[in-house]
Amino acid sequence: MSLNSIFQYFVPKDKKVFFPLFEQAASNAVAMATILVETVNSDNPATREELFKQIDKLENKGDEITHQVYLELGKNFITPFDREDIHALASAIDDVADYIQGAANRMSLYRIDDFNEHIRKLSELTLQGAIELEKAVKELKDLKNVRSIADSCIRINSVENQADYVFDRAVADLFLYETDAIRLIKYKEILSVLETATDMCEDAANVMESILVKNA
Amino acid sequence: MSLNSIFQYFVPKDKKVFFPLFEQAASNAVAMATILVETVNSDNPATREELFKQIDKLENKGDEITHQVYLELGKNFITPFDREDIHALASAIDDVADYIQGAANRMSLYRIDDFNEHIRKLSELTLQGAIELEKAVKELKDLKNVRSIADSCIRINSVENQADYVFDRAVADLFLYETDAIRLIKYKEILSVLETATDMCEDAANVMESILVKNA
Amino acid sequence: MSLNSIFQYFVPKDKKVFFPLFEQAASNAVAMATILVETVNSDNPATREELFKQIDKLENKGDEITHQVYLELGKNFITPFDREDIHALASAIDDVADYIQGAANRMSLYRIDDFNEHIRKLSELTLQGAIELEKAVKELKDLKNVRSIADSCIRINSVENQADYVFDRAVADLFLYETDAIRLIKYKEILSVLETATDMCEDAANVMESILVKNA
């Protein structure tokens, strides 16, 4: 019996605390990414401004959930997984939300009104990554369906690889065809923030893989 | 009695080691931010170059203090707070100093001679953040005035929110009114480094809040 | 006798696991940096494309080594050094490789065909940093030659300082002489990624210094 299994006898309370917070944070990121995809497919500026505001509100909600995890981590001496893993997972999900909001915020600030296929594709990949993240987080609670968590992590890795590829093509295209340096700066930055959102999904997947290995 | 309280009997030596170093590092960051504010309000290029050199010197001094914390962490098995918190707090204060120096260094390298209101405002917010950081760090030693530490952390969060707002306005303005792409790149980067300096103050505040929760 | 020394009796298996992986990762980074230097000194575009592909392959190999370290960290309860140091060292070497590949990837994507002295110098400094890193990692196994590890770390710090200096000069030059904003963006980004590669060597050196202090 591993130390971890022994600890599990003492932690029903903690499980009730951390897992619902992880699930809320992941669902919140999915909601944000869903609105982002809707935004980059809308050609109505007023609709988009409304959607940007919704993303901002959800990002604030996500911050509160993350803060709650940190507070609980401070209080609970015994935790279901390693404290550092709980902290790392909460931070990684928070980072996904931050980069989604960061992309939306720049689209709004830079007054982007023409979303090319690359931006739409990266937004969809971010949503796919967030959906797999939410699935994996929901299974994490009882660790019964380890295969399913591992599969989600593999799919997140694949999403991140696709995003890398799309980003590289998009930036190469910008440097080939965009002659307006200021437009180039705007688009490059938005593409980069979207690509980083998928990196953050991968970071979260790495934390979950590490939890699986330790608790298998 | 928590494990932490038991440890406190054994650590007078450590308290004598870590807290003075934290205070020195925070005071050093305040000194750097004070000179930065002076620089962006000066219209004499020679004065500014002199001030940039002073910031560089203080940044080196800060590096030495941080290095000292890491060395002591390696030596002392028992520490006043969690080792990871001591490491994180020292790193966070060091990051504040690095970004202040990074902003100053870019102003000098890019030969900026016209500091707009946004740059001045972000420099002042950085100074405010550093001052609150120094206050909180000074109270951390005995944890008697927990309320005062928490208040400083809240004010640092407010400073960071204001800096986000100023940064977003400043960048939106650049994209609206700056037609010279190369000037836009220079200003955008300086604004971004200043805004990150306030993020680093918030990181330090987060570490202190986490210390408060654990040791309350 | 420190706790760490006691643990050393139990860990021959772990030493056999982690140190060969660290050595492989560091040698892999040296191989990547060697090809990078070759690339920026070649004036044959076809040769360069071939070399970029080799760097990509080695980066994948490096990812697998890093992943192996994380898997082993999950399995082994007792490790030769602090688990966090093993994780940090593996991550830092992986970061060196990532930034070398990142620089190469951008040179290829941005179709750079004229490598100035600054890019060549930063590539050489990255190679020097990687070589010192490999040397230090090889000595880490038995901690017999502590002086030699410390000397490599000092040389890595000096490499990073030189890289900072070259980068600052290079960027100042770009802003003084480059009138094409899009070319300026390309070169600035490549210089920045190369400079960050040397920062990552310094991060690895910091981890090793921290291991030395704890295990001296």
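We just call them A, B and C in the order they show up, numbering each chain from 1.
Going forward, a contact is a pair of C-beta atoms (placed from the backbone, for glycine too) under 8 Å apart; a residue touches a chain by one contact, two chains touch by 3 or more.
Just so it is clear, the structure is predicted and the values come from calculations on it, not from any experiment.
Contact topology of the protein chains: fully connected, every pair of chains touching. Matching CA atoms, the turn from chain A to chain B amounts to 120°, rounded to the nearest 5. Two copies of one sequence, chain B and chain C, touch each other mainly through non-matching residues, since under half of the numbers at the interface are common to both.
Our note on geometry: chain B versus chain C, Cα centroid distance of 28 Å, whole angstroms. Within chain B, the positions touching two or more other chains are listed as 84, 181, 185.
Across the complex, chain A is touched by residues 84, 168, 171-172, 175, 178-179, 181, 184-185, 188, 206, 209-210, 213-214 of chain B. Those residues of chain A that touch chain B in the complex are listed here as 70-71, 73-75, 84, 105, 109-111, 181-182, 185-186.
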